[in-house]
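Here you go, one structure.
The chains carry the letters A, B and C, assigned in the order they are written, with residues numbered from 1 in each.
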């Protein structure tokens, strides 16, 4: 049967057309995604990578809610200039507890993967509430509301930890029981800062990976 | 017919483009005549302006410090710029005359060279802004000029190449497509060369 | 509602979808213009969380893709599938359900983004309740579309329907796989995939949402309306068959070029790069097919604004489908990644290709749908030049901004020290962002002109009743 007469069959039969499209378009995805999902090195944490604490996870969810990843990448590429500017390049094993990943596609502001520990908590606090008071040329939005809202209102933190435990994150019963208490008395901005300060601390020079 | 009336057309096209196109439609210029007596000189303007500007002030890509390159690399870059312009213009004219068969347009190659020259002329003149080598200021001047050139292309193709407006519009759009692809290829090529080590140092 | 007989095309739902599409275009482009102004004057969010850049940006992209884009695709799919099958829509009530349910989804989904319900996966930002609703409506869309095809009176399924069919099937597959997550509350869920694996899945989705919705879906538009306008069949049937299957097969592989030099295995990056370059062939084969269809049938053409828009959109399609593979080369991508060049590339596709072909199609359909001339051809011609000027200004300013960013970020001096601070480079972008704002305003004002023009054309008119033509028994389904 020649190619075109085969095609005549397909284009006269809606069922065959649907099946053909599904089959042809699925191949590429299967070949790429299945091996990636089964590659252990991509789901094995580096030595210093740990799960997010209740406070850090809350901070991360605030980071997601405010769309920070729209302007800040979390991915230091293995390029001389990039390593010099931001620090050690990013390793896959540092992201195993990131659901979803936050690598970003645009750097309107600087990369944040190695921002942990670079600035003081107070600097972050002032910067988040009024960016232009510390960086004159900044075009970052101000986030004054983060200082007013209670971190515990961000969502049911013990439910979040339980959900992540189902997905394989090693939280203990104790972690989940104490989660609510951990968020008592702190504001959203504190949680976000805690997250920023632990970013990129999963790898230090000399680690094997 | 010769190319004598052409210098007058080049000037007239700046203020009465439609009339100039109609006059051009009546003649059959020799391609080499147009190319060497007029086009080449117009194409020399942008590299010369940019050489003078860059040598004296240095290009400002945006950040504070201007990018100052040694004179001999500037000369090399200007020559490259000139060759790219000549290459671009001639290939556009060739593609245009190649398309002419499809669009029932005049196949006289000289007309295609002349038309593309008139279309590009505003840009060549506006490139005087290269004397002030700041990317933003250059964009500010060259983008409106480019819109004018595109307008000239859409208006000029049916008149000069003697084809119905319907087909002229199709042909002009095809040429716009080609020019967009050519522009972005140039951009991509220079980036690839740059990252591979030609040009100022990059930490890659 | 008047009784609809079985032998009349269902065009009212098409008109309603066009109207919604235009409303979303104005709203979402308006949001785009606003956020581009925020990048120059960050204070104009007035400390309001719902005006903050990070929340408005997903609203802009989702509004364009799902509001403007999908409404336009549904409208044109419903319009053309009836006319290429010679039967009225299958399950017209379901078509109306798709129409209104989708608008409600876009509206509430948009509000949820402002409220901060955001998965942060690009173009899949809507949270799980909306994802489920999308899947349900999408299935209904598929039932109406494939149902119409199943009841067709013409034996071969026309080319445009292959593309609309691929749109429906592949987007459903991508949407479901990428959005798998464990919900923790009504507005929050955690992705089933983590880290590098999540990245690969997300860009498999993200790239092919562009591929099968913004490229493939709109190619369906081209394959119906271009030959219709030229009143002759597509230039090469054989080419369209080969290009369609090659497109469907190879697009899916190209996603990883969004992750060059990122923490994913190198073989995936290289595979993505190679397949992106391969993709140029089917993309341009389709382009050539479209251009040749109009070019060889010019006798039938009237140069109306509709045709001008469609033909120009092909030029930008040519640009975008060339620029994409070029930017997927690692040596180009190393400069362009993370910069405004990407934003420019997206808009050469979204403004130059998607918006322009949609505008051309609307200018073509609306007068025919109500049986009267376009309100003002002159306004439409002005719109054409505004759209072209806006797009060019946008692309060129983002080229300049992106190349400057990319080069200055990577620039090092003789002793290997960074030449520029990030802050200085960022501060130097303001003039380009200013140009981009102007570009956006020009393009938006053109869209507003079209909205007015089509509103005046539709005003007080009812959909013309178009009867299904008699079918030559030779083509009838036996």
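Methods note: a contact is a pair of C-beta atoms (placed from the backbone, for glycine too) under 8 Å apart; a residue touches a chain by one contact, two chains touch by 3 or more.
Note that the structure is a prediction, hence the values are computed from the model and not measured.
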item: Chain pair showing more contacts of the two, A-B and A-C; value: A-C
item: Relative to chain B, chain with the most remote C-alpha centre; value: A
item: Innermost chain by mean C-alpha position; value: C
item: Distance from chain C to chain B - Cα centre to Cα centre, in angstrom; value: 32
item: Rounded Å distance between chain A and chain B, as computed from the means of their C-alpha atoms; value: 46
item: Centre distance in Å when chain A and chain C are each reduced to the mean of their C-alpha atoms; value: 27
item: Numbers and ranges of chain B residues touching at least 2 other chains; value: 202-204
item: Residue list for chain C, restricted to those that touch at least two other chains; value: 334, 405, 410-412, 416, 418, 424
item: Residues of chain A touching at least two other chains; value: 79-82, 84
item: Chain C - residues contacting chain B, complex; value: 291-292, 294-296, 298, 301-303, 307-308, 311-312, 314-316, 318-319, 322-323, 326-327, 329, 331-332, 334-336, 348, 385, 388-389, 392-393, 396-397, 399-401, 403-408, 410-414, 416, 418-420, 424-425, 428-429, 431-432, 435
item: Complex contact set, residues of chain B against chain A; value: 202-204
item: Chain C contact footprint on chain A (complex, rising order); value: 4, 7-8, 11-12, 14, 17-18, 20-22, 24-29, 31-33, 36-37, 39, 42-43, 61, 64-71, 73, 75, 77-82, 84-85, 90-92, 94-110, 131-132, 135, 137-145, 155-156, 159-160, 163-164, 166-167
item: For the chain A and chain B complex, residues of the former touching the latter; value: 79-82, 84
item: Chain A-touching residues of chain C, taken from the complex the two chains share; value: 38-40, 42, 45, 47, 49, 52-55, 57-58, 116-122, 146, 149-150, 155-157, 162, 165-166, 169-170, 173, 177, 182-185, 188, 190-202, 204, 212, 238, 241, 245, 248-253, 255-256, 258-259, 261-265, 268, 271-272, 275, 334, 337-340, 342-343, 405, 409-412, 416-418, 422-424, 426-427
